[in-house]
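Next up, some structures in structure tokens.
Across the two complexes that follow, subunit A remains constant while its partner is subunit B and subsequently subunit C.
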Partner chain A sequence: MTTLRFIALKLGGALLTLFLAVSLAFFISRLSGDPTTQILGGLATQDQIAAKQAELGLDRPLLSQYWTFITDLLQFDLGRSLRFNRGNWEVIQSRIMASFLLAGSAMVLGVVFGVPLGMYAAAREGKRGDRIASAIAVLGQSMPVFWLGMVLVLVFSVRLGWFPAGQSGTWKHLVLPAVSLSTIPMARVTRLTRSSMSEVLEEPYIAAARARGLGGRAVMFGHALKNSALPVITLIGLQAGTLLSGAVTVEAVFAWPGLGSLATQAVQFRDAPLVQALVIVGAVAFVAINLVIDLLYGLIDPRIRDAA
Partner chain B sequence: MSDADVPTEIEPVDGIEGVDDPDTGHARTTTVRRKMSPFEIFLVVFGVLLVATAIFGSFLPLPDPTQQSLRERLQPPVGFGGGWDHPLGTDALGRDMLSLLVAGTRLTVLIAALSVLVGATVGCGLGLIAGFRRGWVDAVITRLTEAQMALPFLLLAIAIITNRGRSITTLVIVLSIVGWTQYVRIVRADTMAIRERPFIQGLRIGGASDTRIVLRHILPNVAGTIVALATLEVGTMILAESALSFLGLGVVSPDISWGGLLADGRDNLRDAWWVVTLPGLAIVVVVLYVNLAGDALRSRYDLRKRDH
Partner chain C sequence: MAPDARRSTASVLDVRDLRVTFASHGRGADVHAVDGVSVHVEPGEIVGLVGESGSGKSTLAMSICALGPVTSGTIDVAGHRLNELRGKALRHARADVQMVFQDPHGSLDPRQRIGSGLAELRRLHPHRPVEQDDATVLAQVGLAPGMAQRLPHQLSGGQAQRVSLARAILLRPELLVADEPTSGLDVSVQAQILDLIRHLRDHRRLGVLFISHDLAVVRELCDRAYVMQHGKVVEQGDPARMFTSPEHPYTRRLVDAVPGRGARLMERSA
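On to the complex of A and B.
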């Protein structure tokens, strides 16, 4: 019963957040300006503007537009793209897997390199190894990912010719974009693993494990890692949004056919409905990933379930 | 607020931990005053130099950054076959790279500083209200913050720019809308902790108004955390600005920012590595500096040393 209650609570919370997020997106973009002048350019006549506004439904009162927006969403209708002249969802669907592949690979790379680096830093807290690992993390946090992408192209495609500089298709196409995007999660995961791990290492049960004669490695992997993993898993969920944003520029550099390059195309053609649909899909992805992580947490750790 | 005047607030005074503040009479638990380390002195000097370059850069004896010369286009830097006329080479229009980088400092720093200022003011205000009032006010603010965080910032920025068109004012608005959430979370948590402390209870009994308690007694106690977070956010904002400018949605020619230079240099990546590498390095160095300065401030003011 508690488990069901827990799931229901989390699901309700996620739906509320999602509702507020899409409403916020609606009002922010409506209040920020009228896309018709952007679509038609400065030379359009009043009649042309009025006709376009009517076509997009922008001539109606704001709350009535909002009502249509919400009811359409509830019927899974994301509107029509101006540029592609097709349903937005149809356009997005053709690109979404490429984005998941890129963001997922970047996240995996980030965790695979970030967690060991953070553990290493925590084990040598205050020593040179810690400083080097932390410096790598800060450096990763300070780089524009798309710039790193261009530098990687310069070195690995233009000079060495090891990997293609753009497009998609084989695993070779994935390497450079995924590596550049992975610096975002890697830096964060390293820093958080380090701080979370060094906190856990102060706990009495670690001292107890050591007193029982367990070696450094057994303590680090057997006891400390498990207990410091929770904050890191939360971070992975929170990073989903940052990755989606980072992917926009990286996809632009590598002509990767995902949602990010779709967003860049959409803004160039002033395709306001498609941009809005992309924001909504982004919010849904973020909320869904975090919901799954929240639920997994509660199912693994009864303390969290009972607290909710 | 420029980041140069942040570190100078730290007075190099030898002191004893826990000395009572002469003005308010409560124990200072958040600061442990000590002499500045050489590294901290370096951070201050670098910050002063950066802000000085942003303000007085146009007075340096350098070629005019807007002067084009097609005969001198894409000249390499000194040491890579170029001459001392253009120590860092020239771009595709024959403009001097060093002058462009110096000129780009101004908008890059100004936009980041402005958007941090706006975001911090809004976010701290909401965080103070939520943490102090609690109840339904807190619930509403917290939910809104969560909703905003569910929206991938670059997609939201693209949505706003699609509707408004591109301008530097829009850029600052977009970055401020993106930036406020971080402050709400941290300031709210700190405010909730401080309002339960005995000296606040004492002030209430003494008849101090809520406004006075919040502004005179709670705000000073969270100021250190806010300054540290705001410093880190300057880095986030520089990265965000560079991403938007790279996509052609932020600063574009004839205005000059480092992100804009990256966008300009992209087409010549294969022939001239310096047009992309150098502006990117400028971003990395400054964001790295800001992150290190933020970490230094945090370890001074924030005893929990958390990773935001």
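On to the complex of A and C.
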């Protein structure tokens, strides 16, 4: 019963968040001005503009437009792109897998390197190993991703010729953009793992485990890791959303055909419906990932489930 | 009779001239947390260690459990020179000295079921003649077998402290170091835990180093006691004698600071 209640609470929260995000996307895109002049050009007559406005429904009152927007959305209709003259969802669909692939790879890389590095730093707190690991994290966090991307292209594509400099297709195309993008989650995961774990290592049950004869590795992996995982998992959730929608610069450097470069195009052409659809898709992804994380909490920490 | 006359090679704990110094790295003088302390515990003996916070008693306990640093001196537990062991040898020797902490829940991993914690101990010390049956171990500390399925947050403070004791005795240690094991508990639960410690001493000839600031408890429970101040043992002997006619001014101050028994009871029922 408590588990069902827990899930229902989290689900309700997620839907509310989604509704607010979607509404915000709608009203903000209305604030950005009338797209009809952009579509028709500066020479359009007053009648042509009025006709286009009627066609797009822009002449109706705002709340009426909002109502149509919401009812369409409930039928999974994201509207039409002005630039591509196709359904927004169709346009996004052609790009979304590339984005998932890039964001997912970057996240996996970030976690695979960040968690052990953070654990290592926590185990050596205050010693040289800790300082080196922390320096790597600071470096990763402060390096602009697009700059790293260009350096990687110079070294690994131009000079060594190991990996292609752009486009997509094979796993080789994925390596450089994923590595560049992974520095963001890696740096944050390292820092948070380190601080979360060094906090847990101060807990009496860690001393108790050592006193009972557990070795350093058994303490780290058997007790400390699980108990310091929660903030790190939260961070992964937050970063996943950011990576999915925020890979704009990396996608630009590597000409990666994902949502980031699509968003750039949509903004450049003042394709308001497409921008709005991209924001909605981003919000759905963000909320969905965080819902999964919230539900995972209950699995990882039974105290949270019992408290709900 | 000299206080150390009973010291023998059979001691479960023999600490000699132990010093623990924390370097100040140029900020004032070094801190001598433990400053030339010698204590010993015999099998089947409960020895009190009394002092205010900052007297060095917890630092001493941590060193005895090989959880804290040792600057000089020796710590022998059940015949092992504990402070010279490293790595695997140390991990094996740790089974002989078990510890119960002050915070009942603090020493339990919040994500580990009680039974899984007991199983972990057996895995860790496969060559030791440990208690094989969870139900038996739990029964010895007055817990039902079903407790093995619980998580720490589902236990009361008293139950959690019993679990800590169960884990400690599972390995059949020679020495139990109990650092303020009852100060986080209700009075009635305190008495149960103290009875349990007494029972373990009587039936297993367990040596117990009982660290406390509660003179009444030490007087009631302990066969001998040490009083520590500023990292040194300032008085030792029979607790009944020490706390009725203290010799050292610091012990006198400690005794005077305890309100009368009646006053204490009133205070607690209020």
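The rule we apply is simple: the second predicted complex is superposed on the first by the 283 of 308 C-alpha atoms of A that agree within 3 Å, B and C clash if a C-alpha of one lies under 4 Å from a C-alpha of the other, contacts with A are read in each partner's own complex, and residues count from 1 in each chain.
One rule holds for everything that comes next: contacts are C-beta pairs under 8 Å (C-beta built on N, C-alpha and C of every residue); 3 or more make two chains touch, one makes a residue touch a chain.
These figures come from a predicted structure and were not determined experimentally.
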For the three-chain model obtained by superposing on subunit A, do subunit B and subunit C clash or fit? fit
Between subunit B and subunit C, whom does A:215 touch in the aligned arrangement: first, second, both, or neither? second
Subunit B or subunit C: which reaches more residues on subunit A? B
Go through the superposed model and pick first if A:173 touches only subunit B, second if only subunit C, both, or neither. neither
Classify the contacts of A:301 with the two partner chains as first (subunit B alone), second (subunit C alone), both, or neither. second
Give the angle at the C-alpha centre of subunit A formed by the C-alpha centres of subunit B and subunit C in the superposed arrangement, rounded to the nearest 10 degrees. 80
According to the stated criteria, A:207 is in contact with first (subunit B), second (subunit C), both, or neither; which is it? second
Please indicate which partner A:223 is in contact with in the superposed arrangement: first for subunit B, second for subunit C, both, or neither. second
Superposition-derived minimum Cα distance between subunit C and subunit B (Å): 13
What does subunit A use to touch subunit C in their complex? 203-205, 207-215, 218, 222-223, 226-227, 300-303, 306
Considering the complex alone, what residue numbers of subunit C touch subunit A? 62, 65-67, 91-92, 94-95, 97-99, 101, 103, 106-112, 120-121, 124-125, 151, 153, 164, 167, 171
Complex contact set, residues of subunit B against subunit A: 143-144, 146-156, 158-165, 170, 173, 177, 235, 239, 242-243, 246-249, 259, 262, 266, 269-270, 273, 276-277, 280, 283-284, 287-288, 290-292, 295, 305-307
Residues of subunit A that touch subunit B when the two form their complex: 16-18, 20-21, 23-25, 28-30, 32-35, 37-38, 138-139, 141-144, 146-148, 150-151, 153-154, 158, 188, 191-192, 195, 238, 241-242, 244-246, 248-249, 252-253, 263-264, 266-268, 270-272, 275-276, 278-279, 282-283, 286-287, 290
